[in-house]
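Both complexes shown next keep chain A, but they swap its partner, so chain B is in the first and chain C is in the second.
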Partner chain A sequence: MPRVEPGHDGPERMTSTSLPARLSSAAPVSAAATSQDFTPRYWLFSLPAVLVIAAVIVFPWLFTLYMSTQDWKIGGGAEFVGLGNFAELAQDARFLESIWHTVYFTVLAVVLPIVFGTAAALVFHREFPARGLLRTVFVMPMMATPVAVALVWTMMFHPQLGVLNYLLSLVGIPPQGWVYDPGTVIPTLVMVEVWHWTPLVMLIVLGGLAGLPREPYESALIDGANDWHMFRHITLPLVWPFVMVAIVIRTIDALKAFDTIFVITQGGPGTASETLNIFLYLQAFQFYKIGYASAVVVIFFVIIIMLSLLLLYARQKSKWNT
Partner chain B sequence: MNRTLKKLGFWASVFVLVSPAVLVFLWMISLSLKNELDNTAFPPVFIPDPPTLKNYVDVFAQNDFGLYLWNSILVTGGAVLLGLIVGVPAGYGIARGKAHKFAILILVARMTPALSYLIPLFLLFQITGLVGTITALVITHLVITIPIIVWIMIGYFENVPMELEDASRIDGATSWQAFRHVALPLAKPGIVVGGILAFIFSWNNFIFSVVLGGKASRTLPSAVYNSLTFEQISWGPLAAAALLVTLPVLLVTVIAQRQIVAGLSAGGLKDG
Partner chain C sequence: MTDHLLKPTRRVLLGGAAAALASPLVLRRAQAQGAFDWKKFSGQSIDVLLVKNPRSDLMQQAEKEFTELTGIKVSSEQVPEQQQRQKAVIEFASGKPSFDVSGISLHVQKRMAAKGKWFENLEPFIKNAALTAPDFDFADFGAGPVAYARQADGSLDTLPFFVDYWIIYYNKELFDAKGVAYPKTMDEMFTVAQKLHDPAKGIAGFVSRGLKNANVPVWTSLMLGQGMETVSPEGKLLTDTPEAVWAGELYKKLNKETGPVGSVGFNWNECQTTFMQGRAAMWLDGVGFATPLEDPSKSRIVGKVGYGVTPPGPKAHHAGMFADGMGISRGSSKKEAAWLYLQFMTNKKNQIAMLKSGAGAPGRSSAYLDTETIQASKFGKQYFDCLLASAKIARAGLPQIVPVTEFRDVFGVALTNMIGGADVAGELKKATETFAPVLAKSEQG
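Here is the complex of A and B:
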């Protein structure tokens, strides 16, 4: 359970700001106010949220943990199996394959948006005509409803009628199988993911670039440094904490990728694009193996918590909170 | 000479960056404005000639698009409103009380895949008979809206100077009054940003409605997805429907782009 710390810094505040302020204040202060004012019960403000979060977020977590130890099928009974589900997962070829798909997808879906997004941030950091408008256009994919966009991509990937194969034919490249070919399905889905989420990386890195000092560049110019040198030795080191934040966020998001994969391939052809998340969905809502799926959630959750802690660490280094 | 070349290269890179977004959306529009014959033609017809609005008419005539639109408005509206009511004071409480552990919990909640909430909530709603109701969807969407709103509000309240509240309390205001009349008005931009982002992520959410939505309570994204698989709808109406689904968030993005950029560099996280 979350522990809220009321008035954690009460004493310091009393000595540093409130007390001198109060002493110098001419306004009469009621006895009741003095006894309460210096330890405001801030946790009361969070109480409604704590209750709701306990119900819709923390309870599901704990319940999932419980279910992961059960052999539980919808419609059937539940039976305690301890770590049996985890042992079964370790033997499940389909699960292990889905981990491999997830790693393959995640690596590509992190590296490419980071590279393109950082490049885009460098471009949008410069002043140029219509920058605001073009930046809005660039950011649009990440706001667009993933399902809606995924449907259009599906039409574009159509092997016979799709516009992508037509465009390739114009430059003499033979038609591709896109998401219909087990060999190209994951890179193709990565392409959609890159299209969707490169803007987020751009925004994070752009935020970092906005805070860069001017002096190092001025002295570097005097020393006759060229653009590449300035990027490599000044910009990149300074903005690196922000890139780190983007890398962690991208990793978490790529691990969670679901909507577009589900809409475009549903894990197919066969199981060629079945990632951890799709595997989890199918186990739970196709095969109704609730306990088994919950064990997958628990594994997922451990990975996410570790990455979240890494993110907190990266954030602290970038002092990135407004 | 070198300067012109550099400038040309710069604009070329701008072009390369922006064109994927432009092309996909243009193709979406093109598909939605063409008749079925042109949509399945090969080589593809790029510019609708003549453009037709028949697909849009079909979307409304042949489906319960109006109902799904209403569902989406109810679910997203309800979840954002409740999220603000609960989340804004919580952001204040966490920022002022320096409840770092609670803040970390919020962050982890923000990071956890939406799918992982779905199994326990699905069972819970089954027991309570709420599967297939709007209420169940609103409750589930709180999983999206509360963490993003709280997270953004923490950042904004931390930037509201404490001295003003101290002064008001010395003048006899209760801590609620100090929050309501001093801190809250100052954090208004944060409320706008949090509300907008919560709206976008809740509107775009797909999976909750797929599992928990009934035929009559589906939100737009899952309704459009279902029309693809079960009714074998043709490309034109499907593209038109997809465009209509995403149009509200795109409009909000254009109108409120400054706030969104500010919020995302503060919150920096998308939904799951």
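Here is the complex of A and C:
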């Protein structure tokens, strides 16, 4: 097995290095066998997978698209309205506001855990006493169930009886509204996300740091680089593909965030924390407007596809071999 | 045999005495069995959909006794309120619900149930002597709850087994400390709250729901003081009338000027916590939330809680009423067995058990006259007086329309904005304009 230097070709190269060896050891194939086309017979083998994908992915999507063109409320009849639901959404102030809330929440809930998680990974990458124990303590929030976490935080946010305002009072800071104030509700919800998911980012980045080669650092030290130079020009570029993985995972998580927000605020006060998911839930499962909710799903899907393409492009650009 | 009768032995005498003592019991049971055959549908099994709450716990505890009496097996599940409502809507819309009996919140789903023809009309069952036990006594159900459960076409598709009247919980200690009397009018509620409001000591004069959707019954309960509901019997929205604005102004003042910080995000549970920690002087909410207030392990105000009837408004005196009903699925193939279940679970004994355990206010009037229960209760006489007085002036707390949830959502946002300082008349006008087409469409479809 050839040794691979991650500093040169990265993980993608590692997976491909074992392939030629296996291929080269394969028995020689006769000319008659290569000339015969087995493809039609192989199609049958893919049939179960195709059927499953068609049933659980393709059909629901086509049906959602179909429903988005209907004015259909559970318990009532459906009526074809074409793009009427989309036109109505374009004028629905609460829907537009929910897009803004989703963007605001997602940006904060991605950037902050990435920054804190990367910083924590750099700290835990160093050798110091009780490092193992502290790492374990640090990742504990990640193991908690989101709904349980949300319920505990709800109690802590209580303006009169919550422990957070009590702690603030000990240092002379006046009580805050937390999730009970429209102005601070989204940053406060992000605080819960940061507490909950920074450990995940730390683990991903820590995994990347553990695989970095020592040679570039030795060369940099000889060249007189300080800690900042080594971080900026060696560590960060080398660990960036792992940070990108963390960004992709966090973005997906933040976009689909529902449980924490619903349990703590239900989108309130008023509509101050009503994200697209909460808006969608209300339309589909509180008001039973399935056609309208399907149109929201279609728009949400388009937003996610665009964002995914952007992130995939960024991840591609961040690969070591580019 | 004759010898035994003429010269009875000690054993025969004892046996005879025992038989004589037991005979009235045996006779009564035989008569009851003869009058009504509970075993008629023995061997059947029914499925029941319940909302997760203490009342459903009691019903599940009573299932064993029901099965012993009838031979009918019960498979019931408790689902949290919001999810139960969704499950009911979706399953009834499918035409083949998986349950024979379901509970519903009448204040949310009554019209939806009628429109979707969810339940059987119960009156033919009630009138059928072969299916209804003589001691069921339907007339014992309160006139108010029955009227509330009755649909517009006169049919009765659910039994109103639980009623929630809105009352004012007040902290007697805080009232006494400032020498303030219980408010005699709705306007006085604000002046009293102002006197008791003491932010420096962390005491709010008044607390009520501020969270969107949950907050609407507070406003509608105040509006009842104007003798007006939010939708007229003809289906016209009255939500931007001067009376509605008056109630909105009072709601705003009470919560903004005498409420605790953050009440804009309070649901009933935050209000309850605040009140039972002694941090609020008055709390307007449903009578069903009383239980933990008198529990020493949860409350700091045990024995200090006053239970007051909602004060009269400028034009009328009403207590907001909300209720739960239980009905038989129209798609059920075991309707008769399901009816026996409904009868048993809402009989006098089980309704008293509900009151005794503090699980809620029963729909039957006789439960409130059970002196033994009242004397043994931890709530005291004032609680029961308040319940009875509220029952006499009860009026629907939410409009009886199909899109109740959308109504609560739209006006809930307006009320939240009011606590934030928004103009009451403007918010109500905007909300009315937003909701009017939703209501119109629901009446068409």
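By our rule, the second predicted complex is superposed on the first by the 244 of 322 C-alpha atoms of A that agree within 3 Å, B and C clash if a C-alpha of one lies under 4 Å from a C-alpha of the other, contacts with A are read in each partner's own complex, and residues count from 1 in each chain.
The rule is simple: a contact is a pair of C-beta atoms (placed from the backbone, for glycine too) under 8 Å apart; a residue touches a chain by one contact, two chains touch by 3 or more.
Bear in mind the structure is a predicted one, so any value in this text is a computation, not a measurement.
In the superposition on chain A, contact of A:120 is made with chain B only, not with chain C.
By the document's definition of touching, both partners, chain B and chain C, reach A:160. In the superposition on chain A, contact of A:285 is made with both chain B and chain C.
Taking chain B and chain C in turn and counting the residues of chain A each one touches, the greater count comes from B.
Of the two partner chains placed around the shared chain by superposition, neither chain B nor chain C is touched by A:241.
Within the superposed three-chain model, A:216 lies out of touch with both chain B and chain C [touch as defined at top]. By the touch criterion defined above, A:142 reaches chain B but does not reach chain C. In the superposition on chain A, A:311 makes contact with chain B only, not with chain C. Once chain A of one complex is fitted onto chain A of the other, the partner contacts of A:187 are absent, as it touches neither chain B nor chain C. Judged by the document's definition of touching, chain A residues 160-161, 285 lie at the interface with chain B and also at the interface with chain C.
If you check the complex, the residues on chain A that touch chain B are 2-9, 13, 17-18, 21-22, 25, 27, 29-30, 33, 36-37, 40-50, 52-53, 56-61, 63-64, 67, 116, 119-120, 123, 126, 128, 132, 134-149, 151-153, 155-156, 160-161, 163, 166, 195, 197, 200, 203-204, 206-207, 245, 249, 252-253, 255-256, 258-259, 262-263, 277, 280-281, 284-285, 290, 293-294, 297, 300-301, 304-305, 307-308, 311-312, 320-322. The part of chain B that touches chain A in the complex is made up of residues 10, 13-14, 17-18, 20-22, 24-25, 27-28, 31, 40-44, 82, 85-87, 89-90, 92-94, 96-102, 104-109, 111-124, 139-140, 142-143, 146-147, 150, 155-156, 158-159, 162-163, 166-167, 169-172, 174-175, 178-179, 200, 203-204, 206-207, 211, 220-222, 224-225, 228, 235, 238-239, 242-243, 245-246, 249-250, 252-254, 257, 260-262, 264-266, 268-270, 272.
Chain contact summary for the complex, chain A toward chain C: residues 73-77, 158-161, 175, 177-182, 185, 265-271, 282, 285-288.
Interface residues of chain C facing chain A in the complex, by the touch rule stated above, are 86, 89-90, 92-93, 112, 115-116, 202, 210-213, 260-266, 270, 273-274, 277, 279, 403, 405-406, 409, 413, 416-417, 420, 445.
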